[in-house]
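Take a look at the structures below.
Below, chain A partners chain B and then partners chain C, in two separate complexes.
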Partner chain A sequence: MAKAISMREKKEELDTVTIYIMGQGYKVPSSLTIMKAMEYAGFKLKRGVGCRAGFCGACATVYRKLGDYKIYANLACQTKVEDGMYLTQLPFVPANKAEYNLDEIKPSISTMLRFYPEIARCLSCNACSRVCPQDIQVMDYVQYSLQGQIDKAAELAFDCIQCGLCAIRCPAEIPQYHVATLARRLHGRYHMIAPDTLEQRVKEIEEGKYEKGFEELMSLSEEELKKRYVARDFIDQKKA
Partner chain B sequence: MKYSYFPGCNLKTNAKEYEHTAVEVSKILDAELVEMPVFNCCGTVHSMVSDNTMRRVAPVRILSRSEEHQKELEDTKNTVVTLCSMCSSTLKVVNEEVKEDEEMLQKINWQLERDNLKYSGHSEVKHYLEILRDEVGFEEIIKKVKKQLKGMKIASYYGCMLLHPDKAKIDDSETPTVMESLTLALGGEVVDWPYFKTCCGSYHVVDKEDIVNNQVLKITEGAKKRGANAIITACPLCAYNLDSQQVFLQKKGVIKETIPVFYFTQLMAIALGIKLKNFEDHHVDPKPLLKSLGLI
Partner chain C sequence: MIRGYPESMRKSIDKVNKTRDKRIDQIMKDLTLEEREKVLHEFHPDYNPAYKRDIGWGQNKGDNVPNEVADILESYPIYDPDEIDLSQIDYDVGVLIIGAGGAGTAAALWTVYSGVPKDKILLATKLRLGDCNTVMAQGGIQAADRPEDSPLIHYLDAMGGGHFKNKPELVKALVSDGPKIIKWHKELGLMYDQNEDGSFVENAGGGTSRNRMHCAKDYTGMEIFRNLKDEVINNEIPLLEFSPAVELLKDENGRVAGALLYNLETKEYSVVRAKTTILTTGGFGRLHIAGFATTNHYGATGDGIVMAYRAGAKLRDLDSTQFHPTGAAFPEQIVGLLITEKVRSLGAQVLGKNGEQICYPLEPRDVEAASIIKVTKSTDNYVETPTGMRGVWLDSPLIEEIRGKGTIDKNLAAMKRMFSRFDIDMTEDPILVHPTLHYQNGGVELDEHGYTSVPGLLGAGEISGGVHGKNRLMGNSLLEVNVFGRRAGITAAKEYKRGKKPGKLTLSHVKKAIEQIDTLNLKKKRFSPVILPEYRSEAVRDRLIQLFESSL
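Entry: the complex of A and B
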């Protein structure tokens, strides 16, 4: 019996790791993500937390591992804790965001340089790509922007979730993820063809086709809404 | 023969016709320029500070990326080919520097290590003019000419970056002949003039246009005085300055006549029978001259 307990104790010991949150050590179960481990350690997260599914980019975390010179970064909700992690959260990244009217600008190198002249400072060190939790080739899309290849920049940056880690690592102080947004918007506005169905739907909305339906929904009680939600009918794609 | 070709930024923006004609010409001459799959900025102007390693990461990254590209190409050489003379100069200088300084190359390779890149130090950087002169040969070009450039009196403008510094020069700094030989091979007439490497004013076009205007005035008037009816160049920045500022000077009433500015590859394309796409990049319209000589 005593032996069994000690086995269990040993197992528990094996299954916990020590992490350091802003310098303070905590023993946490090894199966947790960084985010859950922080909550396990008693932190109540108000900022630096969002969708908990790797999509919103709110939970950027920077860390080192004991005895390893490298600096690592990832999303707290997507990364499992490891023994000896020294962690800090990066809930917000200060980065200037340009204001522009898409209808008044053109998809060209001069537009990119006008709103983000710092891209010309890129040293091609690639620190941005290495830190990216989405594995985006960040430096290459900055370079495409510099070459006026807006379409390639937009496509390469498609998976960006705007966590801002690239901007923090950049020795040239470029806010890469805002540059990417500009490239994608220009690409969408000037190169892509808007699908007919979208234009049709926007037109219908503008003409007020759905106002009546929404008014009806808004007037319903919570009970009635729930009932309708459960009984909702999906559109048959083949018939539609 | 195929060459790993590094375009740089200008060839994709202000000098598209330079790239288009160069690539088409290269296919006919069996010295094909194949673009690197991904490339970054050359670093524009090499660092004059000997221990600024960071500024040399960009050019060495290009050299290492090109080495990867060379592995994919069949029938190639350990050569990176450029068209822009600024890129050519920067890459050549840095290439020589890291070949001489193993420690610096090692430091830069540590920066590239995590991107699975490493520069061996065994590549050569060549401007396309060098390929034409040393590997294709003017005799071969003469054989491929379909339409001689009869009536074109061409002033070859080298600018600074093709001839300086010593580590980057593609020809004799004081008496270069490569563009003149090319002109003769294409059936054009060579204009001998002293302004072949007088500075075009370079980046001052952005903030001190006056400087550029004075230089452009000296260069273009000098060419016209010696009977030239066209200027050829290999540098997108020189081409932009010489071309756009002439239009400015004409509007101001400083000059009456303009002289068209071409990339050497555009004239090669005409002579080798390639249809030019357009003259969008030009400020001085070259069509009247080409039409009057029956070249388009």
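Entry: the complex of A and C
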């Protein structure tokens, strides 16, 4: 489809590319991300925009390129525009999230199947992994969940930003990113046990061990407090 | 372009890569308190009077704040108060929480935990549940839980970082609740990084004297939020998305008694009546203070301070703004985005164009930022990008020299991914940085229970002022949203049980504010809250027209 060029656009001397937002053509500077290009074109975004830094998963964008049969997907805030992109953004992803009380469940196959029985429908087509903008091996963590290897599922799914592209692409209709949340929470709760030092410190604070120290620090003048601050010792910080 | 960088920048990168072995054990001295003051006064935007002015009306009249903050306070409401019918109540609740970020969700959960029935809670938010700065926080959350550490040492670090201007009882609350918050998070199933012996991975941050930065790779905020969000859904807390508050409502006794919400999609308003309102709307990065790019979320437009101010709440410490020392300066597409302080925690040095260190890498944030601005503004020791942006190097490959190959993959996955999207490999080459607008240090004054100075109104998170004084330390904001979100939730539940019913709803406080703003004789009539920033191109904005009422 050829884009109609307005007289105004003809005057512009910027290095531009033509992109198609929901089928409609716009000329935009070639240095922009998809998100900034949409704004440049005149869209005031409400849906499909969030942190603008690749962390929130709001701006999942599906596109084809002129003359290329493939479907691409990526985050609009982290992808540079290319000439001939046909773009659409997912305003919302319908995907059921199971409700559960983490105190009452255990990390096991049966837990995963109880809340997400649809994982048993996985066809191993790998469409989910291929579409993931975070390059997560989504199909593999679904399979780990199905095998009860909750730890491996959780670790593999850790970088998920919950954009929902996997769930939209899945022919077996699995809400992968919600499955991932359940796996991570089970792993974090039941396998990654906090060190005793944490509980000890909580107890000390509740018993008022530091109250006197606070009272003293809070009674100091700014000058006295500065002296304490400057005199405080540092421990070796190269080890984590 | 050679591996993501133009040839002009490659020459400088070669020097950085060649000097690395020499620098590995070279430690820059940190600045004395006097030297800190000097570099701040000369180069930190907070200390530049051209960027600031005094507030012209109200309870903080005369306070010197950034122009952008004065602008939104000296603005008219974005609706006509005479058009609003307050007799029709759409939601009648015990606790209204405005803003579903880290603080808002923590507050909602602790309201439930403290016994308020879920159908008596409303969580309203501008965009989606979790469209907030919390999900973007990378580096970590402070909590003094190691034997060699204590809440008292954490207190000293935080006070010093804040130039001793923090509100002491808030700092005490922050540091005392730290370990408790980590314990709660573990019950929720958070995957905090652990060492092989089971201890938590804990790093240093700028201005901390102990390693107490708990992390989940460099997705710490996201990992915290994913869990809080999941719990909000599991607890079936009533949620309204795409519905920002545009004003607080009061009753005839002067108590805050709910809010006016606006549906961004249908454009209708709704009236919420609430016994207690918790303001958790976050900060103001998207106002682009002093013209800086920002790390912040799209919705961070300072709406909460406007609404609170019109309702009579006292503000504090808004004269200070946090510029994060390391925002991306290259490539163009990600300028201003956050390069987590964890990169420096793990050992990366800050370098000039010839590969020499320019400052101690872990000063408190304001000092580190000012030290970098000093180099880009008053020397020629910076690197310039093809679009004219100036920056200094952050020597990320050094991390792997110090801590071994694979450290970046394991600890900085988000950062590595962001740069690799633009063909830059931060394990092989340094990354270019410049300070970027990051955090609203001040805000609505709270006490340690979450009360503001106005009855009926609580607050938590970045909206608040006092916890961080004039400068926040890394890892104290993720802690703050949890500590004060939790405290506000508990307090709101107590208020709920006291059972004071709100009286007749009114916007008379807004009408009084309008009278005061009238006296300022503004040259250009402004409106706030801002709700969303304006990024459409000028060519488009010049042609915008408003159609008359029709079926469109």
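Keep in mind that, in the parts below, the second predicted complex is superposed on the first by the 180 of 240 C-alpha atoms of A that agree within 3 Å, B and C clash if a C-alpha of one lies under 4 Å from a C-alpha of the other, contacts with A are read in each partner's own complex, and residues count from 1 in each chain.
Keep in mind that, in the parts below, a contact is a pair of C-beta atoms (placed from the backbone, for glycine too) under 8 Å apart; a residue touches a chain by one contact, two chains touch by 3 or more.
Small disclaimer: the values here were computed from a predicted structure and weren't measured.
Of the two partner chains placed by superposition, A:Asn96 touches none, neither chain B nor chain C.
Of the two partner chains, chain C is the only one that A:Leu217 touches; chain B does not reach it. In the overlay built on the shared chain, the residue A:Pro171 is in contact with chain B alone; chain C does not reach it. Once the two complexes are laid over each other on the shared chain, residue contacts for A:Gly148 go to chain B alone; chain C is not touched. Once the two structures are overlaid, the count of chain A residues touched is higher for C than for its counterpart among chain B and chain C.
Of the two partner chains placed by the overlay, neither chain B nor chain C lies in contact with A:Thr88. Across the two superposed structures, the residue set of chain A contacted by chain B and also by chain C is empty. For chain A in complex with chain B, the touching residues are 108-109, 122-126, 129-130, 137, 139-140, 143, 146-149, 171. Chain C meets chain A in the complex at residues 33, 127-128, 130-131, 133, 135-136, 144-148, 150-153, 155-157, 159-160, 164, 168-169, 172, 176, 179-180, 182-183, 186-192, 194-195, 198-204, 209-211, 216-217, 219, 221-223, 226-227, 230, 233-234, 236, 242, 264-265, 295, 297-298, 332-334, 337-338, 345, 347, 362, 387, 402, 413-414, 417-418, 421-422, 532, 534-537, 539-540.
Contact residues of chain A toward chain C in the complex are 8, 31-33, 36, 39-46, 49-56, 58, 78-80, 97, 99-102, 134-135, 154, 158-159, 161-162, 181, 184-190, 192-195, 197-199, 201-202, 205, 210, 213-214, 217-218, 222, 225-226, 228-230, 232-235, 237-240.
Interface residues of chain B, counted against chain A in their complex, comprise 7-9, 12-13, 38-41, 43, 54-55, 57-58, 61, 111-112, 114-115.
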